[in-house]
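Next, two complexes with chain A in common: one pairs it with chain B, the other with chain C.
After this line comes the complex of A and B, so read on.
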């Protein structure tokens, strides 16, 4: 092997990408204060918590496909509560429901569709959930965040008709009712 | 292909009047339009950072590190997302020049130009990315 070829081999060794090669960061970025994503343990479930009227509620995060800023809906003539109206979700007509009726937090649904409805309040959101019949929306007052909990941390409701209530989650800030989204739509 | 230790696949691009190349295995993605977020204390050749799939990646303007000149008119500026070790960096270039395969016989070592390891028969300059970027980051202004 001539000296020329060994120089080329050295050159190629440096030129080629090696995942273990050393390189200092070009710029120092402040380390994020946000907790890095941990993989979800097999024993953990993730809950999306939201506010309705005065209370805190939650649904399993994996049933929620999307969170939309609340917007005026298209009205359906003679639609019965809890159906508020429909929205066009990138071409899919998606019914939107008011969970507060099902949870007996309110007697009548607010007017969210049609020409006379008012602008939705800023924090209001529509949770798009997967159901057996396709996507459906849940109109909530505010989305709180995601909680990771062990199933054992959920308390079963002790009295009354449990219906779609999966459990009660007691956190430092609030008592959160975990509900089955499909039950809210029925 | 990769078992052939004598040959190398090179991602070639224009910077100024010359064609440069990096190992194609370094290249993750080529982005057409990138507007980085400027950083106040970065070296002059670092334009800023962009968020790519959740990680902040610094964008380096290779045109400030390599000799100036005008690229061919057909060249379209791009940002090459490349890997150096376990880090990623975006390289702003004047245009892409394709993927080329060179055998060891076609490459002659080059020692006089900083950041360039060798030159191929068709005048593609093989870049030493670690050397080119590490040297400059050490030259950062003191106190910043």
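After this line comes the complex of A and C, so read on.
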């Protein structure tokens, strides 16, 4: 076949080509591509400890996405405790809650929103936690730090509020109550 | 997060969803011509399923690829005439389209469903169907020609013969450079006259610059019509002889069951014309230049302070102008026609009607109206809700309709209209209308209104009940023939888009839900008002008047009423409504707001001017906050709440809110 005619054939082949007429076998794909990852074997858990009134508390570190310096919030009219107000976290309206209500701590909630609120004390922080209903903030007096503990090191709570209390952690300095952040918001 | 690894890139979702949309659209076209499917449509549907499969395989979306493969197989059988286009099969395919969209958006979300559906699709194409004797055997085509026909071409020839039309063979020659265009043009000219089935190579001539073809054309038209289509080119045209025979029989089939997701999804990604992106790039380039100029000013020591200030102001003006242009262009790039949404509703209506065992036709108008892409996304769920409501509770069963002297098939009209910076979407059904007596009863039962108030309540007040959260639990609504399923959610969603929903019902004639929205979400112009030291934003689209508040007005039915410009309107102090301490500062103003024909005067302490606001929804955790539709940032870390004017009107004109912000 001369080069001329093969070029013509090529031309015709391209003209006739219909993608729908190709019947390739279904590409074999690794099944893992749609299966979720297995959970990582957890030896230790990391806790973020914080102070509230006189007590020490902690939440699992992996639920906390961000720690913000406390700032005046925007008040939601007719809101009921423990909702303090909202803040705009890079375009996401994030409600902020006072955990002390749920923890049955004495003393009134700090005035964090509205025109009469005072400048929050310097150590005050807002822990932004991930929840099923989007991010939420927890207003705490001070962030202590991160503790690595084995799950076995947590003791069962003996008294006080239960339900959202995951366990009690005894450290050299203090007794720290580990809580479920979702529970604090309810 | 762990699921992220399985999540395909956004461009995959976007393209897959778009392909699936197009596929769904073509399936609906196919449905209309199911008896005699247009081969062009069949081919494009098939091609879309094929590219979906390829796309899914490329991005490692196994389930989607399998499902697309099953759909493609069935469509191929349609194309080749091996399977007939039946309603049951179209149902399955449309169901597959919904699943494609869900899988494309959320891989791994409906794995079992996808597998089950793929299996059902495959079972649909088992075994050859009875087609009768092959009419192609009767066509006296030269054996060497017959051998090179593809399966599809054979099928098209069969179809031609089944219709009792003729197959024509034409010998033509076209120049080498232009033959493809010539053939495409011929194909186009033949439309309506006949069908170009095959382009076989003709005898090889002496000339190298010319290609000769033997074309097989199926046509019911006579020779003159065909010659005309060939456009005056001398052509050797003759019919291929056929021996006369009979026709084949029809088939019957059971209806397929439908299930699956209620709403598909609208892609969260957006395709933008490259030219638009280029223009945006130019703007950014321009901004960089301004940035450089300002930097240069910082060490322009030779300038006098006066000249320096003038320069700075000049650059500032340039900056602001360019930002305005940039914003405009971005807003333009975000606009998409409502057609996407309307098409989805078409499929949904078809399926829901079938599920409900009713006959429903959806008509649409204004599909070309453009709105912000995010609005399209966020409108989808509320609209699905309203459509479902109309079908389940609005449209009566066919028998009852006939008894009432209406057409058997219910009619839903979905229309869109742009009015200035707003779009009005209306969903009208010709069903039974809202049963207000029943609404009253349920409102009392559920403690939303006391008996006395319920009896006195007018349509407006009952309307508000319809949209309140307490009303819409399934137990309260399922036995009633009216409406109410999740209308509070619809209302919340729409308020989150700075929109308002209204209902109008004519007993026995039908119901209209009207949703008024801003065309774009990106910015809403708001009037900032001061109340007890707080600042709130009122969407300017609902502000009718602002005046100094003088006089206390008179009390009427427990409401303060004031005469404003000759019209008597209810007046309420925003501080009181929101339970804020009185801290009057400066003057007192009355901001008159209105939605539809309702008016309300809001007493505020201060006016802080107008602003373009980028509004955000309050989010699922806070849900419906009475009187508030969202929030917007007006300065560094300063967030103001945007008033939900529709909700305030409801509240004040009806009574206290049914649910105060749940903390």
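Simple rule for what comes next: the second predicted complex is superposed on the first by the 139 of 186 C-alpha atoms of A that agree within 3 Å, B and C clash if a C-alpha of one lies under 4 Å from a C-alpha of the other, contacts with A are read in each partner's own complex, and residues count from 1 in each chain.
Heads up, the rule we're going with is that a contact is a pair of C-beta atoms (placed from the backbone, for glycine too) under 8 Å apart; a residue touches a chain by one contact, two chains touch by 3 or more.
Not measured: the values here are computed from a predicted model.
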| item | value |
| --- | --- |
| First, second, both or neither for A:104, with chain B first and chain C second | neither |
| Dominant toucher of chain A (residue count), chain B or chain C | C |
| Contacts on chain A seen with chain B and repeated with chain C across the two complexes | 4-5, 8, 11-12, 15-16, 19-21, 26-27, 29 |
| Residues of chain A defined as touching chain C within the complex | 4-5, 8, 11-12, 15-16, 19-21, 26-27, 29-31, 33-37, 39, 71, 74-83, 86-88, 91-95, 97, 114-116, 131, 133-134, 136, 185 |
| Interface residues, chain C side, partner chain A - complex | 2-3, 5-6, 43, 46-47, 50-51, 53, 57, 60-63, 65-66, 69, 76, 79, 107-108, 111, 150, 152, 176, 179-180, 183, 199, 201, 204, 208, 211, 532-534, 577-580, 583, 614, 616-622, 625-628, 630-631, 633, 637, 639-641, 657, 660-663 |
| Complex interface listing, chain A residues touching chain B | 4-5, 7-12, 14-29 |
| Chain B - residues contacting chain A, complex | 5, 8, 22-23, 25-26, 39, 41-43, 46, 49, 56, 58, 60, 83-87, 89, 104, 107-109, 117-118, 126-128, 130, 133-134, 137 |
